[in-house]
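My structure is below; once you've seen it, I'll send some questions.
Labels for the chains are A, B, C and D, by order of writing; each one numbers its residues from 1.
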Amino acid sequence: MTDIAPAIELKGISKSFGPVKANKDISIRVMPGTIHGIIGENGAGKSTLMSILYGFYKADAGEVFIGGEKKNITDSQAAIAAGIGMVFQHFKLVENFTVLENIVLGAEDSGLLKPSLARARRELKSLADEYELNVDPDAVIQDVGVGMQQRVEILKALYRKADILILDEPTGVLTPAEADHLFRILENLRREGKTIILITHKLREIMDITDTVSVMRRGEMTATVKTSETNPPHLAELMVGRKVLLRVDKAPAQIGRKILEVKDLNVTDAKGVHRLKGISFDVHAGEILGIAGVAGNGQSELLEVLGGYEKATGSIMMNGEAIDLTGAKSDGQSRRKRGIAHVPEDRQREGLIMDFHAWENTGFGYHHDEKYQKNALFMDNAALKRDTEEKMARFDVRPPDPNLAAKSFSGGNQQKIVLAREIERNPDLLLIGQPTRGVDIGAIEFIHQQIVALRDQGKAILLVSVELEEILSLSDRIAVMFDGKIMGERMPQNTDEKELGLLMAGMTGGHS
Amino acid sequence: MDALPKWADVILIPVISILLAAVLSALVILAIGENPWDALKLMVDGALGSTYGWGYTIYYATNFIFTGLAVAIASQAKLFNIGGEGQALLGGLGVAVVCLYIPWPHWTLALLGAAAAAALFGAAWAAIPAFLQAKRGSHIVITTIMFNFIAAALLNYFLIGALKAPGMEPATAKFAETTHLPSFQDMFNFGETTFFRGAPANVTFFVALAACVFVWALVWRTRLGYEIRSFGESESAAKYAGINPTKIIMVTMLISGALAGMMAINNVQGEAERLVLNAAEGAGFIGIAVALMGRNHPFGVLLAALLFGFLYQGGAELALWTSIPRELIIVIQALVILFTGALDNMVRMPLARLFLAMRRA
Amino acid sequence: DPAILFDLGGKFDKSFNESAYNGAERWAAETGGTYAEVEIQSDAQREQAIRRFAESGANPIVMAGFSWATPLAEVAADYPDTKFTIIDMVVDAPNVRSVVFNEHEGSYLVGMMAAMASETGTVSFVGGMDIPLIRKFACGYAQGAMAANPDVTVISNMTGTTPAAWNDPVKGSELTLAQISQGSDVVFAAAGGTGVGVLQTAADSDILSIGVDANQNYLHSGEVLTSMMKRVDNAVYEAMSQGEMLETGFNVMGVANEGVGYALDEHNAELVSDEMKAAVDAAAAEMAAGTLVVHDYSSDETCPALDF
Amino acid sequence: MDLATLLQMLDATLRLATPLLLACLAGLYSERAGIFDIGLEGKMLAAAFLSAAIASVTGNVWLGLLAGIGASMALSLIHGLASITFRGNQLISGVAINFLAAGLTVVVAQSWFRQGGRTPQLSGDARFDSITLPFAETLRDVPVLGTIYYELISGHTILVYVALLLVPVTWWVLYRTRFGLRLRAVGENPAAVDTAGVSVVGLRFAAVAICGVLCGIAGAYLATALQAGFTKDMSAGRGYIALAALIFAKWRPWYALFSCLLFGFLQAMALRSDVVADVIGFALNGQLLDVLPFILVVVLTGFVGKATGPKAGGQAYVKER
């Protein structure tokens, strides 16, 4: 160690949320001008630790040193004053404000807005030039893509003269190209002498860009290593506490009959925006069709239409029978009866009722099933509980307690509950959106195995994911969506991330 | 993430909250120069000290059970039904029409008929706000408030018009003898000792208890209840599960309106035995407080309704025998609502910390 | 001791209940006696209040307001030794004295005065809640105005349809202003607390107003033409004075026995001309003699002089 | 309908709209900051009482106004404590405040004045006088415009002009100042405000306090300008109507002006059965006329369609459970 003071030093940080100990006596040093990665399972306490550094949460114990000086970071104002900026996992932007207003918010010069906005506009331009951070200052946040939203968040920090930038899972919502762009920006920032902390679940990103990496597990900091001295399997093992298979093992697909046939599907949403533009594709028994694409290009609408809760025009044939798309004769319930199961993209908003018990969630969407009825009037709660216990055992849900509320399970386990419910229906077709979003490596491995097993039973699977790695390793066939259209289909063995990335950005004619 | 044991959540917190409300009420009573202890004794004695007092307490509680259940079931679907008052008034209209124009042979049949009419009229009054909410996105809070005003005018129209009995009063004629419901006095009359003498509590109380059981079973044991709760917890999840939002909003509000309307068999058929203006007397609004205090659970609603019945009857006795203005009761109600409903966390937060510390130790 | 039961408006409503209260106070002051009283807050308490007083030995028990009739009819027989007085409604029982007022007669008289005082030929009426009793006032008033001036225009408005209509002085004001803009220069308020706003606005706008029930002339001295007095106080005073020996039966208080009338005192002496006084007194005499019959809205729910 | 009648109705509209407008703007500040407030009614009532009480005791209407604002602020503080500090249910808190004001005003009035829950009648300096605007008298005889100026625009109490002025002021504060930016942000996404280093609690309390001030003025207007004293329940549901107007106005200041004027006009119309009968050609039944404004509100909200308020409205800002 030289005698340069670390940019950030945390000593003995502890934090509890009620009975949950999110951080236990954590210490960490980050040297100036470096990029420091933090990895760990869901709920390991990464976001909590960084939120403490940013003054969002108050630590129960511990000290913070910035540039060698002890700082008492009581709120975000203090953190900003200490030169810290943070881009949260879930962006903290005001949706109906413009980019400029979001940047100025909280950092205005005076009581009147006009001069502040004018200055911000000027500075934005120079920051944009300096770091390749292009944004349209007058665009309204809800109208711009997540990539730009993220740049706004970074600009917010830089506008406040941050020397230390924390990014919490920044690439989860980006295309490969956008992620590359982000990493270029981070490189620029590092070159300028800024210090960066990067939280991610993606080991490749850690390997590509960080200088050092810390691993967290169950609220504790288990290791800090130089990136150059480690490798992905080793990191995975540090995280999960056992060896993890990083590749999906699967046999070649045994393609069967046509299960789903989609023709010329069109959707226009409530605001009059044309979301799906003439989508057509098939899915066969025994295959996984992967749909790649940047979030917001119509994948969600496609799943909603197939799942029966969004109206559309066009035709869908399921097992050779037409499905009503007007919403008049067919809804989510009748789709389920026809053998379509659906793991939605957002488990917390759609797949689960967070305040319901696990056993109540087990019947969710299938509450009209014979086996859950006691008689003509009442549901059979005992049967639901028994069913839940079985499912929990089979899907290794932890803790296996049907009486816990869904919200008390971690993200990975919540996802397992949804999967158990849908897969155990033995459906002909499984729709599955973002199966591993925000899920840690250990759980990803399990979930991927389940999906492949279902395929091998001869079921049809439609997989929607923004994770190209996941698409490439699971799919037997890949379709890429952009702007409500299917840009093209590829076989996984004949393509790569680069080509798919171009298609996802709306550019055809890659090098296939 | 439950820092508090269940018993603390359902018993300890409400009790402490009520105590706080009581202390503040005592201060108000002191401030206007009366003795709070005497006032409390008078209230307890008047409301619970005799079967007669109980008869009144239970009568009021019966009203509040119905309106409380109405608010509670709507809340399960995250709908805020402020329209209980208007729905109860319309229920009264239904009861009056049925009792006046149909020659019932026996009170049991009259009760069934009146209950059906009350439910129907109450539901009808909830139907329009429900429809506007489901289909047009009109804020149900606005529409139900407006419908309270409209209901009052409608009742006024009938009571000084078509339904008015001869004479000065804007009221219907007395209902026929065969529609009169047995009061507690009739039911608990054991020769020499008559319980509940002169009190208005009547057989409707048992209907109210049945309504509690009905709502409980509906909400926690049936598919419809499951769908209502799902919709209330998460509209997006409900859509995913194939639950039709329009249907849930409509059905829930119809049930809610029907329950509020059924209050009329207690006050109109059971007590007044005719329909008078302003028959609901604010019970629709008390229902909001009752539901909130009862945590939207039928059993909680029952307990909270009894508490408010006690406040009403005790407060009446207070006004009867002291010079404390009757508005003081409104103040006490306000404090109870404030502490048990809105300032709940003021008690809960420190208590949770305490329990956590105890568990750690 | 006697007891008095007030109606929902409360004993300080500046009109009906307050008049009853004044009667009781006058009795207490003159005899040095004490009485029990209650203001109820709910219809269901009516029967309760009567029973509690009867059981506590109060006698006679006086109740002000027509809404007491139904509960009293049920209860009276249970307490044969207790005497009751009900005001504004008839209850047929051996131990009940029923006092009703010919409000239409008193209203007729002030209607005449209004029409005679009016320079515009338009007079108006503001009622509280739209109930038959208030229509009775309005109808008598309109008849009187038309008798004094056949060309008069009578405007009538009710404040509302809920009990809130008794306590909305703001709306009372606005109704008065609306009536003024239609030409009215004398307004009669029979609207409880709402009437406060009516009288205030009339005074602010320099037109004349007419009070109700109690003598309200003093509220805006020199600007209240008169008050339609309904001597509830006398009825209460008398009942209390008779004590346990209360004379039961049916008792009509009209112009003839000075149960209703108009108020004349130092506050309005200058407003009431001799000619006005003569005309009104003549009409009163005719009513007493039975030669002038004022139509009572509540007798058949129609009004020859006004549409509702 | 002639000009005089029209002017009278518009005049009444303005008077009736003023308390609605003040309460509506009060609600606007609060709800724009994410705090629902159905306690407007109670705050108005409390302010009406205390302003009249103090004006009557001191004989000074300005002291009365201050006291009214104080009473309303006290209730605002309770609402703030319940919904901001203790993250309670904002609707319940509002309901409780309405009950509290309805009861306490009468209890206190009775205990202070012994006039049956009323304050003594106010006169002279204890009341707001109407002011005649410059040149109103001279311009009075100028046809149409002069008449409109004299009859409609001039001759109201100062609080009416204050209320009208508050509309552009509110717009300016909301859209042109730092405070307004933050206020709007905290109602949409309090986490954004928090992470930008601004206190959510502070902003929300500020908004609730402004709401208290405006409700205070509204109440004082009822008791010391429109009326000459307090009578129980004299707010008579105006707080609820203001709330409806706010939703109808989609939480915007200029729309609030128009919706309050509309509601005021509907009420003014209900006062003029003769005009209504003239216009539609037949006389409406009294009860129908009485509820016509409410029916029209329901119809209009049906037409306006979904009004979505500030996104974070009604929810307490919870960082950690």
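Here, a contact is a pair of C-beta atoms (placed from the backbone, for glycine too) under 8 Å apart; a residue touches a chain by one contact, two chains touch by 3 or more.
Because the structure is a prediction, the values reported are computed rather than measured.
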Chain pair, B-D or B-C, that carries the greater number of C-beta contacts: B-D
Distance from subunit D to subunit B - Cα centre to Cα centre, in angstrom: 30
Rounded Å distance between subunit B and subunit C, as computed from the means of their C-alpha atoms: 35
Chain centre separation in whole Å, for subunit B relative to subunit A (CA means): 46
Chain centre separation in whole Å, for subunit D relative to subunit A (CA means): 46
Residue numbers of subunit C (touch at least two other chains): 10, 130, 161
Touching two or more other chains - residues of subunit D: 110, 117, 232, 237, 287, 290-291, 321
Residues of subunit A touching at least two other chains: 17-18
Every chain pair in contact, whichever chains are involved: A-B, A-D, B-C, B-D, C-D
Interface residues, subunit C side, partner subunit D - complex: 10-14, 18, 130, 155, 157-158, 160-161, 164, 167-171, 173-175, 177-178, 181-182, 193, 196-197, 200, 219, 307-308
Subunit A - residues contacting subunit B, complex: 17-20, 307-309, 331-336, 342, 344, 346, 349-356, 360, 363-365, 367-368, 373, 377-379, 381, 407-408
Subunit D to subunit B touching residues, read off their complex: 38, 78, 81-83, 86-93, 95-100, 102-104, 106-108, 110-111, 117, 232, 237, 240, 243-244, 247-248, 285, 287-288, 290-291, 294-295, 297-298, 301-307, 321
Residues on subunit C engaged by subunit B in the complex (per definition of touch): 10, 38-45, 47-49, 51-52, 66-67, 69-70, 75, 88-89, 129-133, 135-136, 161-163, 298, 301
Subunit D-facing residues of subunit B, complex: 1, 28, 31-33, 80, 128-129, 132, 136-139, 141-143, 145-147, 149-150, 153-154, 156-157, 285, 288-289, 292, 325, 327-335, 337-338, 341-346, 349
